Amino acid sequence: MAAQGARSETILVVGGGIAGITTAVEAAEAGAEVVLVERGPSLGGRVAQLSRYFPKLCHPTCGLEINYQRIRGNRRLRVITMATVAAVTGDRGAYTARIETRPRHVTARCTGCGDCARASQTRVPNPYNYDLDTVPAAHLAHPMAYPMRYVIADSVIGTPEADRIEAACRYGAVDLGEEPGAFDMVVGAVVWATGWRPYDAAKLQPYGYERHANVITNVEMERLAATTGPTLGQILRPSDAKPAKRVAMIQCAGSRDHNHLPYCSRICCLASLKHAAYLREAYADAEVDIYYIDIRAHDKLESFHARIKADPRVRFIKSKPASISENEAGDPVLHGEDTLTRDLYETAYDMVVLAIGMAPTAGDAMPEAALETDEYGFIVAAETLGGGMFSAGVAAGPLDVSLSVQSATAAALKAIQAVRGG
Amino acid sequence: MRETPKKRYTYYPGCSSLGSAAHLDKSLRAIAPELDVELEDIEDWNCCGASVGHVEGGALPNMALSGRNLAQAASQAPDDIVTGCASCYLNTHGVNEKIKTDIRARRRVNEALGAADLCYDDDLQVRHACEVLVNDVGLDVIRDRVRNPLDGLEVAGYVGCQTVRPFADTDSGGRYDTYDDPAFLDNFAAACGAEPVAYDPKTACCGGSVSVHSPDKTLHLIKEIVAAAHDSGADVIATPCPLCQQNVEMYQAAINKRFGTDFHMPVVFYSQLMAVAFGLDGTAAALDQNMIPPAKLVDLAKKPNE
Amino acid sequence: MAEAAKTAVYLCAGCGIGEAVSIEALEAVATGESKASSCRRHDHLCDDAGVATIQADIDSGAAERIVIAACSERVNADRFRFDGTPPIRCDLRERVAWSQPPGAEDTQMLAADYVRMALAEAEKSAPPSGQADPGTSKTILVVGGGVSGLTAALESARAGYQVMLVERASDLGGHGAKWSKRMPHRPPYRLPQDNDIGALIAAVTAEPRITVHTRSRVVSTAGGPGRFLVTLDSGGTTIEETLGAIVVATGWRPYDATKLGHLGYGASPDVVTGVELETMLGAGELACKSDGRRPAAVAFIQCAGSRDPDHLPYCSSICCGVSIKQALMIRERVPDSSVYIIHDELRTPGTAEAFYRAAQAAGVIFMKGKVSAVGADLTVTVEDVLLGETVAMAGLDLVVLATGMMPNATAPEAEAIAPQPAPDIDPLAPILAAGATVPEPGSEDASEDDSGPEIGSILNLQYRQGPHLPILADGFADSHFLCFPYETRRSGIYTCGPVRRPMDMAESATDATGAALKAIQAIEAAAAGTALHPRGGDLSFPRINLDPCTKCRRCTVECPFGAIDESDDDYPVVEVARCRRCGTCMGACPVRTISFENYSVEMVSAMIKAVEVPDEFAEKPRVLVLACRNDAIPALDMAGISGTRYSPFARVVPVRCLGSVSALWISDALSTGYDGVILMGCKAGDDYQCHFVKGSAITQERMGKIAETLKSMMLEEERVVTHEVAIADARRAPELIDSFLDTIAEIGPNPFKGF
Amino acid sequence: MAGAETATYDLGFAKWVAGNISGADKLSMCMQCGMCSGSCPIGTQMDHGPRKLIMMIRAGMRDAVLSANTLWNCTQCYNCTVRCPRGIPVTEILQGLATVAVAEGHAGGEPTARFSEAFWWSLAKFGRTDERLVTSRFYFSAGLAEGVRKSRENLAIALRMIKARRMHLGAPHKIKRRKNLQAILAKAREIEARGAGEGD
């Protein structure tokens, strides 16, 4: 345990997604000492799993690349991956944070040469692609991984596979004996940027996400559209790898629903507009139907809405579909009421995309009682526990990327004020 | 003998137990002791109003019906009330919860009961027999009691609506299953050694009381329910609901007439499956009360004094 | 100077490089033909031992310049970091060993060329020595005293910085001060909250680090981060200050309701805007303007002016929340009232959904439809799309138009007389627009006097590119990058609040806090003499050698950040702290006037010429690839990482931005026998992705000139192509190179080969 | 039909419904998503789905709402109730409206209304419903000829039910304390007649 009362001007940032990265880099570039802790093997978080951003349809990896460069070029910023914050005690200017690490089984000697992956014979589920495919037991988290260092799946430790992998490394970078660890760190302020997870689609029973192969979620759609995804960027439906040309998007799949997420997740409308753009780009004859309650293209994003709406092959249907069945061809069939024509429809599609909402993960990341959350699990009263605790990005509320960056940049300043006793 | 202590419940048979769903009542009473369950009837119980009472009777009189049963049950024992009928469950459970949570409703119902010097101020639990089987008895015990596995019997588990909606996934309803894809019925069948078939219209609607008085509006719904079972190769449709059992069974002739089909799909209660699986004879399982004889189940059933 | 320096080369044989090429042969290239003073080989250079070797050589003076011939510059930057001796990176891994067949002759030639190029780079560049006299003011200028400005000022001060807060009006608070209540921004997000702006104003006034200037305007801004020279007109008196950075928080104004006659505005005093209603609600007893009666039936009409091609194209974001707030207040004041909100899309994003539910629970009626008419008797005719009927709502006492927000990107009162700056989604537009509004030398003095000299500009930048902050097509202040929303094209000047995007008070406060941080960064970077985003920490800056300068003004016009002014005798003058180090000026220059210590026309020319171009074409063509460091280079790296093979005949030179590409490099390449040149940059146009705003766009402009050059050399135009390459184009980038080589094969060899 | 009566958005009716029909206090929460209408098993046979009916209530279209066949085509599958994103007990509200429609004579010869009358007659008289008596009373409620026709039509079913010992013949099942049940029902009707608000 670090000496009580020890003071520190270091800022601890929890979570290595776009919000955490931004908080860390902006604070460090303003002169602060920063430690960035990420649960997984690489930085990047959810944005690294997106194919493109709305409304510019540009690639998240482009901004990530710049941020990685900023991180590499900054000595005041230290990144710890495979680590979580188990507890925080103390006060602003003198918190003691308990950091717990999980074994990566690959040391800093790793050059990223990939021999270990080539030697792997076991394949494990690939969370980067939401388990839509698999990767070798020794793998890189994703092509834009930071650090550019491999990781070995715990599942193969103690098997011959592990020995194969170890033998394949020419740089003695494999450490099969690595154990989970824990250490204390004295920091002056903590910024929680713990992000979100997609709401569990299986809970939307009438939509049969688990029963119908061709009902997928919006985050899975991102992976289908990504050149680094399981289909190398071709939008093919799961059941028979046939091009998905007639596609329905169901908005508020979980959001704005007292049975699920009572709040509006804000990004889903725009994400679906973007998915419509993906499909129209991929197939000249693609047809997209967007089922919605209200299209929430806030502020300047309205022009993106207008642009997609102008496409005659994208239809907007004001309706929350009641249920999805499946026909002989394995096509999902939507049932519901078009509230503007008052017709009851029964429409078959190649594929249906559920615009799943964002569920905060602060709950699982947070040490007990450290922070106060609202009824939905978003961090509020961010200045509780000694006035040096802040939240950034989706941990603070359902935000899009730009808003997350704003919130993260603001959090960086609040944290600097806290450590400098301003 | 087994040591498991008996579970006591106050039993509400409901009007259909005296007629269209006599075989549900009979088979339930038959399997109860096998599962160490003791049922004591609500003395002088009355009709719950079913799904149409309120229309003519009005909301409060309709609630008062269940109020009287609740008051009577409370005066007998503090035990939970169990019913096998979806409609009875819906009304009695619904009114009971309303009385618990809505002071105004509680006062108005009791004012009415006052006319017969009755009062319901307790907080009993009103539960569906299936929920009790899942939460109190448990699949293991059911499996454990099977002496005559229903080998090779293919069962289409038709849950219908009101057995699960709107209470199965609520706290007061015991959170024993889901609204759109419930598993309990297939689990019952499997526990009895039968084979549940994949069956889509699991929770489709048979038209309920509308089917009773205006089948012309709903025959197509029932047709889908029977057709899917037929196509999936099921030997029988099993259901927990009296009204479903009656609609799906008695209209098959009309369906064949209107749609040119040739359905003779037996529709039995899960409790009849259990009775046979527990080794009781066909009479105890009331198999002779199905309008379309469940031939295969009859064959599987132990013959009397066998 | 570089010639004297001892250059040490470190060849790494790890990660397959050793298998792919002969390290010995490369050592020969380094120490033999090239002028490396020493060359070491290592099997795991990035390991502690390898790094230690290098450090030892540096310490012993054996290595003054170091070339690390190993992996891509994008990895191990932290490992190969040596104070005072920045390494030259030579990529033999991603671009050779991982993308070429091992042991092949062409692979070896490729590696050798990269070593030669690296040594040429080492020879022709020097570590940046930094800036002589960086600006040192650490005071932040905040323009605008509304919620955003007040917050930016207070948060900056609380971080220890001095602030000068300038507000045009006589009181602080802006629009925010007029609201009786505000939308909820804390749990449970259900009820209107007290407007706490009073406390904010009090805190700002009490803060010793903040000096407030009300009734004041900025009449002129010169200089750059760390030394902005700002002149204020403060109620007639002129104040001059040197300031470190600027936050523009000039906020918004309501859309002009007189343009909404079709919604009944003007037809009756009881048709009011949301802002007017706010004043009525503040006045205590709620009363209709016409006859003072209590309104018992009120209808809100949403999107009054917003999301309407004839008015405002965008969604003003706050109107749904504001109307809900006002509806709830009316229901509270007049309990038996009927309140209707007529909307198209109801927008209460995020936790504001709870506010919507609260209004429903309170009995506010929401109708989806389009209002076709509002009569003088307040009858509102609605196409009720949910009922599918046209409904005439009679008996209303009050009709509220939820008018939208317009950004104060320019001084509002000057608008009538002022030509607006041209919107510039097209990154080339600002130059033309700004260029057009450059004050003539004479009028610049005039801008000292009080008669509103500036043409509606907020800061009246005394920049060669004009007085305005660039604005985007929808009239909002510059903010184009999703990942970097605070970046503007005027270094050290940040915008926040509704001038940037429609937003509510809570979001404005967050936004302002973020802007304050960026201002602080700008101040610290300026003091350290380093570049701002995206080349933070870069000490190099453009040095101007006036001898060859032809005063063509291209550099001053094309600089994306308005960093270069013109001296009285029309020579370029770089305001270093405004410069982002992209080198666009270098690319603009027809001669060799502008160069960085570690990046120059001469340096890249030397790298190009260092390549050995075989005389015989048939089997060995050569192609030069000038690739953007931000996207094209990572894309090629990714191709290597995934083991994609592509032509061994391409020689890749990373450039800071396509905008920095000098036409001279292309003629150098072609005159030394390369058969063609590929330029790889980022996406241009409306959704441009160039991190220096217009590198690709401007290159396309320049291609015309390049075509002329080709003609003059009697060469085919097809020999030089430009491509937009995104970072995700790991598969496409190599394909572009290969297909270009096919084209070259068709065109045939460069006739200059061998000369 | 809805067309006959136009929308005024006079909130009187909406307020009355909210105050007098069980569950209707939640009606104001409806966001018109259409989930309910889309969930109806025989929605195709409804004049308007529940979603539009709710909008009509807000619009003050009293007669159109109470004469909508929506009220009679609800099979009480409760899909709308469990799926409603705003937790509105749609089924319960439709039941309440049906009761009002009958009481105010909007039901006409609707089978549901006639069936309910027969049903209530039996339970009020005997304390239990005798399916045979209820059915025949319902058949003849539309006139003698119709009664005879229906009876014939369903004779086969009836016979099979009897054969299966699932149709009770002979004296109807009665509860013992009929008087006290009838007293309770009478009292309940009386309380309800007082209307909402009063006596509370």
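Read from first to last, the chains carry the letters A, B, C and D; within each, the first residue is number 1.
Following the convention adopted for this analysis, a residue touches a chain if its C-beta (ideal position, glycine included) is under 8 Å from a C-beta of that chain, and two chains touch if they have at least 3 such contacts.
All values reported here derive from a predicted model rather than from experimental measurement.
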{"item": "Centroid-based (C-alpha) most distant chain relative to chain A", "value": "D"}
{"item": "Most central chain, Cα average position", "value": "A"}
{"item": "Between C-D and A-C, the pair with more C-beta contacts", "value": "A-C"}
{"item": "For chain A paired with chain C, centre-to-centre distance based on mean C-alpha positions, whole Å", "value": "25"}
{"item": "Chain C and chain D: spacing of chain centres that average the CA atoms, whole Å", "value": "64"}
{"item": "Chain A and chain B: spacing of chain centres that average the CA atoms, whole Å", "value": "45"}
{"item": "Distance from the mean Cα position of chain D to that of chain A, given in whole angstrom", "value": "49"}
{"item": "Residue numbers of chain C (touch at least two other chains)", "value": "346, 357, 368, 386"}
{"item": "Sites on chain D at which at least two other chains make contact", "value": "31-32, 52, 79, 82-83, 86"}
{"item": "Interface hub residues of chain B, defined as touching at least two other chains", "value": "179"}
{"item": "Contact pairs between chains, per stated definition", "value": "A-B, A-C, A-D, B-D, C-D"}
{"item": "For the chain A and chain B complex, residues of the former touching the latter", "value": "205-206, 208, 211, 323, 325"}
{"item": "Parts of chain C lying in touch with chain A, wherever the complex brings them together", "value": "14-16, 44, 46-47, 71, 74-75, 77-78, 81, 155, 158-160, 186-189, 307, 313-317, 345-354, 357, 368, 385-386, 388, 474, 476, 481-486, 501-503, 507, 510-511, 513-514, 516-518, 520-521, 524-525, 534, 536-537, 630-631, 634, 638, 641-642, 682-683, 687, 689, 691, 726-728, 730-731"}
{"item": "For the chain C and chain D complex, residues of the former touching the latter", "value": "338, 340, 346, 356-357, 360-361, 363, 365-368, 384, 386-387, 389, 391, 393-394"}
{"item": "Chain B to chain A touching residues, read off their complex", "value": "178-181, 200"}
{"item": "Interfacial residue positions of chain D with respect to chain B in the complex", "value": "21-22, 41-42, 45, 72-79, 81-83, 89, 91, 95-96, 98-99, 102-103, 107, 111-117, 119-120, 122-124, 127-132, 138, 156-157, 160-161, 163-168, 173, 175-177, 180-181, 183-189, 191-192, 200"}
